[in-house]
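Same chain, two partners: chain A is paired with chain B first, then with chain C.
Entry: the complex of A and B
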């Protein structure tokens, strides 16, 4: 049907329909609305005495989607843990936000409200970082899904404040084993194919945009075989004056970048559903990196001329989401016939909801329009005025003089009913390690080094351009042969600042270990934060200035056990942030990562938390790489080793189950980390390394370590002496351990494995600070 | 032929690596197909197809292929004639992997702009495809199945497998 032919057929009658009928309608249109949400919509339209249009229903479904409203994290929850029950009003506010407010960092410039978190970078500049997930699209079409994941997070950085210049991309993936031999349901891609496609997608989009990809990791587990996880991150640099944005009534709504097509419809609502064979193919998008590069160049030029007052990207939900959010506090009037289209046969709701890539929306003072048009024309980038922001408090959309949407902004953004959910966490009974087959240490180490979660990622890393922009100081591959991984990357963003005499740099590190989460997500969260901060520390970054990002990927929160585990992880994040005095600045949750397997059973991913950490390196010339620098260098063990091999690769190698996961105990105000990490005076000389388990800038040999091992190896006497007290640099007497089984230095065969391998530092053993409260 | 009729012309340009050059992409495709059980295949060569629709004459289409779409040193091109490909007893296969019409084609969009910037009439549309020329005994159904699991995604691609003389 042509857009001009739309008439009364565009109205979607819902008044008087039963819950069952509404559910069927929702399923037919992929709206992913719950019964309570349908009821709220029905009540609203009953009050205004009319039926909604299709575009209005689609707009509400998109705005209320899990992707846009994070319903699970913001809804009330009744949480049962053992015999105790308590109420959580808003998980996000009570964990991530509460911890960030508690640590009060004046250098945090923008938190949780914009497209990315922003922190100060010196007096003049700011760093913006965002990590997005693009899991469902990547499961359907690995290449296109991953590529547009990169494109989307880059646009988040372009759309934070008045826009930042992207200077670093990161990628972290979770796949099924590439040599998986079992069955797969109809339509599912083999993990090998998914992996190849995702890597190629990230490579092609990032490389073509001229942004270095220099950090990330890969984790293999067969439970990801139907739901791969694709985390795409971007760091941008912006002047501090550009952090704030404002929309004023009378500003023009200007769309720039790519044209609107039928691609990507229902991407937002798609994220609120379990992935299955009925997934809409329209949710697949194909990226156009060159188009986005044009947008980037034009947008930053326009920003520097202050030709617009606000900007956001067209992500999930397209114009509906972008204009709906920008105009949430005032109102907006949109005329869809002004939008440049890829094809002429789009219906009104398709233009409004399309998630075609490479588009941004600006708020522009009418006086600046001519100059803005000139800037975008110079880059060969299309621009169209779609309407204006108003002070009506309504979202009004017209198409050829026909009203398509007329919704109260208050209802749209505040009308989402909050339904209390149930969550259950049953603490696993303390179990001593059991089972498995003992192996000789050499044999076990050989197996661990060959493990998929340990072996080299060079074949992936080499596909990425990590040198473009010329600012990658600590690179993803290190050592004399440039094939050994590192802890974190260090970037000198002179391409953004234009100042070749300012050597201020920044580092980005990651932490993740879903194996710990299988035992206890709380300790998994603490360990992930700990690992990310240690990775930063090891390259010479200042951990007292570290900012964190959380990315939760979970199965369906409708399952109380899954939601209980999610709460445990969120509370772990809260306690880690408070304990390390490191604020969260941004994050994202991707839920419903479960699918029917070949036998029709639900296959849930392991609860997965990726922690990304960002910190300044005051002088990039003094950044540290992890490779040994010379024969005769001293090797120091920092921290205390405990009997905490639960979830470790060593246990997995032996086939052993049970045991304690490492229990991180942050030191007071990160004292220990600061002592360990005073920026070095010599450039790139002395390695200190941690024991990461997911990041690809990490030594394969170190991945083989028992996950609970706690030590650090340094190779240069002078460095170790300078950086910390040699033998127990960050370890003043450690706190007494509650459990006698966690001896400080076990003599069990497992602990010999620890001492045989180079372990990592842990702040847990570094001070007498009480362990974080276990809620 | 009037101008309006000319605007409806459609040309399919085929660009391939010259046979004297090693075809790494073809080798990678062959490995993927063999992983799917097509072990009887001997060789795979890869190319690109561009379906261009617009007001271009045959000469202008040739010019676009020669000047824009083909590296004259390492590649060769031809305008694919309409009509069925000659059969050759299941030993040679031509596999075309096209994006479905509903899926965006960024490369095609770039080709449209590039042709216009080259001073030729701007095409109404351009769509791109991957072309695989396979040699080795196989059944059409086997190839279709293997391609769907390795070189194409049925969700976004349309695959055309035909017997073809090399």
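Entry: the complex of A and C
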């Protein structure tokens, strides 16, 4: 086949080369390896007394990339805060994992190790969720980058355990303002083009896959103009027996789905470095949604017949990472000539590393192969046996009887040298809000309502099929005319469970506010978790069963200040998870989002943390929505209002900087607070409790996030009213369904507060005295 | 009671089959998901079923044109479909399924099985999902709408739903044969433009039937309104309308019994 293409470049001499030479070699091949990593590779091959092949170097670079190994989060850091210095051994273990272990939830079925986090959903079912970013590809090619972002996270859900059925997509974006008028460096897309392309990509892939896109948000800030952020999330439903997977030596390595082509080379390494004009165009994959739909249909049919024992998706690193991960504990022998190709002139390393879309790798007992072939043939989906899992502990790859890769699994997965980094955090001096010109309240409100981060997202939301699978019972657009925003969506996954009499549902909400992070990332993280949980509570989900996902997007961890801010945010996540007793089940980071602007200066994105929260709604028929239900409904403000306008939209509107950001105090773990957040019973018609006039914008409550949150596609008035949307108030009377709004009003909130809730859970009702306001 | 067997057609890219099956199941049908390749290979036979449903989705990616590839496969694989229709058995095509029925020449009904209507890109130029008000043509004899009120609500979600006809004469024929089953209207029943007519369909046509009334094709999704909790306003206390979609499936199942 392609013997001609195999040249002398097959072997890459590295022994005896200087660090500088190696660096040049790495840059030429987009390997994104550091000096210490090069030294470790050199030492390894010196010990085994041979030069590495090109495919081996590429395999190591992909496996060790920031994208795959999350080096920043797992390497030692020397952290300076003010005058104090301390060492962090493993940021991820010490924050996200530590908090999750501390809150210990028996309903967490799979954490951090698989392609997605998995939590129990009733006795029989489980929910898997993952949120990925596809930032660099979307910057290079917005449509294709965003589409394959959706495709990738959907495959993560197909590849968790033995596979889950995707039932919800969420998409959160950060763009420059679409009406940005400043300059752009060569090769960069205008934010308007990026936005249109990304929305169209998500639309075309998600809609074709038949997965409702019913949650997400958009945040505009010109600092994202060169590095747009595209967060793609998917929730899947699977039977609990399918959560566990296991590869046995002797199992066949079976590739299913799309063919392998030259698209998507170096995706993992390319996303582990900062984006520039020299970014390789081949790094973006080419998606084909219907191909992936075929894989989905065939895979789930094969799962239910138990025809394979393990599965994972081909994402970053393609076969190399999929097979390398599945066979990490035993070993694998691969014959590349078996792989179905899009074009015949691919080099060995290209087949091995290509990130072509819509491919999955299965571990199959040879006895089941025939039945598996029949299932895939019925769906018109290609299948090829690439080799088998072995007991050798080595990753061995052959191509036409030539050895291409022969690596020790241990070195590959554990050999990564850890380099200590420096991080600095300088607490901002107690900053009084400064600058800006005060405005008349009416004028300020009009401006805020028209602000890009507040105005309606209907143009985007309607392009997504948010009701396919027939389970979206709280929709992203609400109100009499279905044009207002919602706090969170509620999904009743009867298409996946096949049981329309089971009304168990789940809700997904988000929290994010980069503006707070500009002042203090620690409080940004707490506010994001808090907001996500409040959004869930507001639709009737059970927050005591909420699971969290973190997605960090930072400018560059090589900058000690940036790394310091990242640590602050991670510690905020830890404290929030402990305080709210909500575990993290999955997460992802994309830490190189900094580019040279048109003047050659570094443009950094603001540190961005997206928190996604998932919680069951035990009975979907009791969900609630945020729209005002009728004239005469009483409005309540829950929570204390402090002078915390730092990072608010109001300040931004005035041009004011600094000030105090809202300081969330998570609940003490008492029954009082739990009772307070218990989902409402029979309250689908109770009015939303918001209090615009009292709480916004002159005196925002501590729960008010006036500038907040792209999350929940939130729009316009909503943001105004929503400004103080509090947690589902314990004090709110739950009127019988048929009762008129009048009767709701007649209930004194004060008295109901005392009768319905035990005294003063600190985080919800401050002094236990919700203030009634006249509407 | 007898459970009529429902064939729900699958193809690569079909994506509303599970909720459609659940809807039929809820009203006493016995749905079975059948891939077009199984029918092609002769493993399953259309005539063994009492009801035929073509669910929504993006069959074959809607490459070439929405539903076109599947329509050609239906023409050549399901050669007994016209007999199935002649026997009066219920056929429903939803969204992509409607596009398939039109492009396969089943709707609007003609003797020669030639295609006299088609679909093109929405006037808004993009895919859109929204709830629409619809008016049922009370003069048509469509079995799916038996006992339903004249004004109903259902959601649409499509990018290529603008129905066009070969010539003005064809519209007159449709009116004469009472084949226009469903029209997009405003809340007070008027034939208005966007967004009431979400795609710019000719004469606000949302659904077509055959003169006998046993075949229905419609762009809106009845399987997305089979529970009270599907309606976007169900959390508002005033909302108490019965789920229209469920009634439609029930009519078909009752008819087939």
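Following the convention adopted for this analysis, the second predicted complex is superposed on the first by the 669 of 775 C-alpha atoms of A that agree within 3 Å, B and C clash if a C-alpha of one lies under 4 Å from a C-alpha of the other, contacts with A are read in each partner's own complex, and residues count from 1 in each chain.
We adopt the following convention: a residue touches a chain if its C-beta (ideal position, glycine included) is under 8 Å from a C-beta of that chain, and two chains touch if they have at least 3 such contacts.
Predicted model, so just to flag it, every value in this text is computed and none were measured.
J.: Classify the contacts of A:210 with the two partner chains as first (chain B alone), second (chain C alone), both, or neither.
T.: In the superposed model, A:210 contacts chain C only, not chain B.
J.: If you stack the two complexes on chain A, which partner ends up touching A:261: first (chain B), second (chain C), both, or neither?
T.: first
J.: Between chain B (first) and chain C (second), which, if any, makes contact with A:436: first, second, both or neither?
T.: neither
J.: Under the stated touch criterion, which partner chain does A:141 make contact with: chain B (first), chain C (second), both, or neither?
T.: A:141: touches chain B, not chain C.
J.: For A:496 in the superposed arrangement: first (chain B), second (chain C), both or neither?
T.: In the superposed model, A:496 contacts chain C only, not chain B.
J.: After lining up the shared chain so the two structures overlap, which partner does A:465 touch, if you call chain B first and chain C second: first, second, both or neither?
T.: second
J.: Under the stated touch criterion, which partner chain does A:290 make contact with: chain B (first), chain C (second), both, or neither?
T.: After superposing on A, A:290 lies in contact with both chain B and chain C.
J.: Look at the residues of chain A and decide whether chain B or chain C touches more of them.
T.: Looking at chain A, the partner in contact with more of its residues is C.
J.: Quick check on the superposed pair: does A:249 touch chain B, chain C, both, or neither? Answer first, second, both or neither.
T.: So A:249 meets neither chain B nor chain C here.
J.: Enumerate the residues of chain A that count as touching chain B in its complex and touching chain C in the other.
T.: Correct list for chain A: 288-290.
J.: What does chain B use to touch chain A in their complex?
T.: On the chain B side, the touching residues are 99, 102-106, 109-110, 149-150, 153-156.
J.: In their shared complex, at which residues does chain A touch chain B?
T.: Touch residues, chain A against chain B: 140-144, 187, 189-190, 193, 261-263, 281-282, 284-291, 342, 356-357.
J.: Can you list the chain A residues touching chain C in their complex?
T.: Residues 203-204, 207-210, 288-290, 293-294, 297, 378-380, 462-471, 473-475, 477-478, 480, 482, 492, 494-496, 498, 500, 620-621, 623-625, 627, 629-630, 684-685, 737-739, 741.
J.: Where on chain C is chain A touching in the complex?
T.: 10, 12-16, 18-19, 22-23, 25-26, 35, 37-38, 56-58, 60-61, 126-131, 155, 157, 159, 221, 223-224, 226-227, 229-230, 232-238
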